[in-house]
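My structure is below; once you've seen it, I'll send some questions.
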Amino acid sequence: MQDKTYKLIELVGVSATSMEDAIQNAIGRANQTLKNLDWFELVEARGLIQDGKVGQYQVKLKVGFRLMG
Amino acid sequence: MQDKTYKLIELVGVSATSMEDAIQNAIGRANQTLKNLDWFELVEARGLIQDGKVGQYQVKLKVGFRLMG
Amino acid sequence: MQDKTYKLIELVGVSATSMEDAIQNAIGRANQTLKNLDWFELVEARGLIQDGKVGQYQVKLKVGFRLMG
Amino acid sequence: MQDKTYKLIELVGVSATSMEDAIQNAIGRANQTLKNLDWFELVEARGLIQDGKVGQYQVKLKVGFRLMG
Amino acid sequence: MQDKTYKLIELVGVSATSMEDAIQNAIGRANQTLKNLDWFELVEARGLIQDGKVGQYQVKLKVGFRLMG
Amino acid sequence: MQDKTYKLIELVGVSATSMEDAIQNAIGRANQTLKNLDWFELVEARGLIQDGKVGQYQVKLKVGFRLMG
Amino acid sequence: MQDKTYKLIELVGVSATSMEDAIQNAIGRANQTLKNLDWFELVEARGLIQDGKVGQYQVKLKVGFRLMG
Amino acid sequence: MQDKTYKLIELVGVSATSMEDAIQNAIGRANQTLKNLDWFELVEARGLIQDGKVGQYQVKLKVGFRLMG
Amino acid sequence: MQDKTYKLIELVGVSATSMEDAIQNAIGRANQTLKNLDWFELVEARGLIQDGKVGQYQVKLKVGFRLMG
Amino acid sequence: MQDKTYKLIELVGVSATSMEDAIQNAIGRANQTLKNLDWFELVEARGLIQDGKVGQYQVKLKVGFRLMG
Amino acid sequence: MQDKTYKLIELVGVSATSMEDAIQNAIGRANQTLKNLDWFELVEARGLIQDGKVGQYQVKLKVGFRLMG
Amino acid sequence: MQDKTYKLIELVGVSATSMEDAIQNAIGRANQTLKNLDWFELVEARGLIQDGKVGQYQVKLKVGFRLMG
């Protein structure tokens, strides 16, 4: 079983600025506790409205990383 | 029946700049006639091509707001 | 059969910057060999992670163009 | 915010004749109260059976129109 | 348990003429052996091409009918 | 065009008790301003968690009603 | 070929009370004519509205059972 | 109505060996009681785990056959 | 590798008359440049509204054909 | 990166009584080891049949919670 | 625009043996006329039944390759 | 709360040989750190192409296991 195996976790990142920033925030947070982060898949995008404007982007994403040894 | 009820409407916002700007435009327009806008859900993203470049982003989104009374 | 017919091709564009830039890159590349590019539809968004940050956005999109004569 | 915004409403049109006729009926009805009808998207098709024959086609469609000023 | 129960079966009807005719054919055939046919739901539409023309429409549909007693 | 046309609106009903109660609440609220409510379709179910228990069920549903005249 | 094979049928159960009751009704009816009922999968939930209240829950479900011999 | 009509049934086949074998088992079983089996469509694949290994593949498939007469 | 391989292309056909006519138009156009057209799959149906009527049906379809030798 | 990030885990809760009870059971179990449980999303509902009755409801749900600093 | 762009084409490969063999056949055929084949995505699996056995596996897949310069 | 609760994790297993082998590899790896592995659900299948052949099968699957006490 020398073949690699990967795990995916599902996160929701938020940002007041953009969907890209929300993705970055979730990945940055995951990087604090997980190594080998490899790829992400965007699952869903939504957000909050405040005073008639987008107040917060919320992106649901899956983050894949290699399971070690 | 003191529980809240929310309604969702479906809009298409457009922008020459970005998907975020197209979302903002649709929400800004909805805000002219509706109060209590609360959240949005991105349903679809597409756009027009002009001269080999993106000419217009078109985002379909659902906008949720609380029904009063 | 004077009615128009359109063809859709599926592309993946990449960018280190944003999803919009990845869309633009794919459309710019298609424009090198195809005329009459008309619209695009976003199919999927994902990306690569490098050093705990988004290293590359990858957007899968369909690009529609009119078939001539 | 000079960019256009569009709204989509969801209708079910019926007809004893064909799916196209059911689509036309729903759009004709919407046209009584809404201006600027622009496009439609077919969502679902079903129908009733009477005496072993299709008695009624029922098409669910979204109808898009531009929100004015 | 006096409440009604319905069963759905899945059929593919074919026709050289139209999707509506293909639907009618499948329902007409089902009516030979089943009573109480009540409604149908269109699941999928496809077909065969012969000599550069549609040779046969194939519609997959679910047909619902009440289970007696 | 004597054929009937139906409109669907999308609502989110909430309840601390059950999904059925959340459905009822949304329909009861719609009934305050709309006549001829005819059927509903469950689109999505989710909810809030408070103190390790379901604090609120949130059901998204479509409500169909006949357009008069 | 000693391996087991299972068949799924699709039913719609109804109830004035709850979705669970509608599920039970469909399964109870299937049990009158089929043996070895094993599991169910909820496919869709909808219902009728009467006098501004849910008049009938309608659940579409698949019921799986083992094929003998 | 000389056009053909086809019926689809849904089965789950199992095998300890492979998904192909599970498909074959379901089709072989269906062939005991049905004639004219024509095509299958893979709907879902899952399985059981025993002692840290796949113990059983379970494939859900639709099997189509022509209705006679 | 004597086994056949098929390719699918995605087209949008249009017609002022019916969805069947829009399908035929797309297939007729494809037949001008491709041989061995074999089957089609309906992917999506939409259209334009003009003066409160369907002005144009737009059907998105996949067209399959055998790749020669 | 002061923005919040949320994680979703996927659970299956079971209950002999109702879907709501199965949801509650899964959330109660998750609450034993996780803090800050925030919301849930219903993914799938199925169950076991015993003696011609629902023996067990099985609900698959995603549970979201905030990742701490 | 030094970023890479990829194109996806959709194929159906067939085999009497296995789904893997059907995938290989389609990729082998694509490799005769296209360079830089990079990845594939399985879209659909179905097949033909002959004499109560799987006569042919048919896998629909997307094949991605890099567009040069 | 004596009812059981199950958790699902999402993995990607790879293999140069077959989809079954890729499933086995992912499950074998999960078995190194998790007990009570119970079932899996196939979510997606894709792969890499090398020298015009499948170089690696990649299967995304969910693995379910019982949460202890």
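Descriptive notes on the structure:
Think of it as A, B, C, D, E, F, G, H, I, J, K and L in the order they're written, each chain with its own count starting at 1.
Assume contacts are C-beta pairs under 8 Å (C-beta built on N, C-alpha and C of every residue); 3 or more make two chains touch, one makes a residue touch a chain.
Model, not experiment: these values are computed from the prediction.
Separation of chain C from chain J in touch steps, taking the shortest path, is 2. Comparing the residue numbers each copy contributes, chain G and chain H share less than half of them at their mutual interface. For F-G, the equivalent interface within H-K, E-H or G-H is the one where over half of the contact pairs agree by residue number, namely H-K. Each chain gets a centre from the mean of its Cα atoms; for chain F and chain I, those two points are 38 Å apart.
Rounded to a whole number, the gap between the C-alpha centres of chain F and chain H is 38 angstrom.
Spacing of chain D relative to chain F, judged by their CA centroids, is 21 angstrom. Listed for chain K are residues 9-10, 18-19, 28, 30, each touching two or more other chains.
Looking at which chains touch one another, you get A-B, A-C, A-J, A-L, B-C, B-D, B-F, C-I, C-K, D-E, D-F, D-I, E-G, E-H, E-I, F-G, F-J, G-H, G-J, H-K, H-L, I-K, J-L, K-L. Those residues of chain E that touch chain G in the complex are listed here as 1, 3-10, 62, 64, 67.
Interface of chain G with chain E (complex): residues 9-16, 22, 25-26, 28-30, 60. Against chain A, the residues of chain C that register as touching in their complex are 18-19, 44-49, 52-54, 57.
The touching residues of chain F, when paired with chain G in their complex, are 18-20, 23-24, 27-28, 30-31, 37-42, 63.
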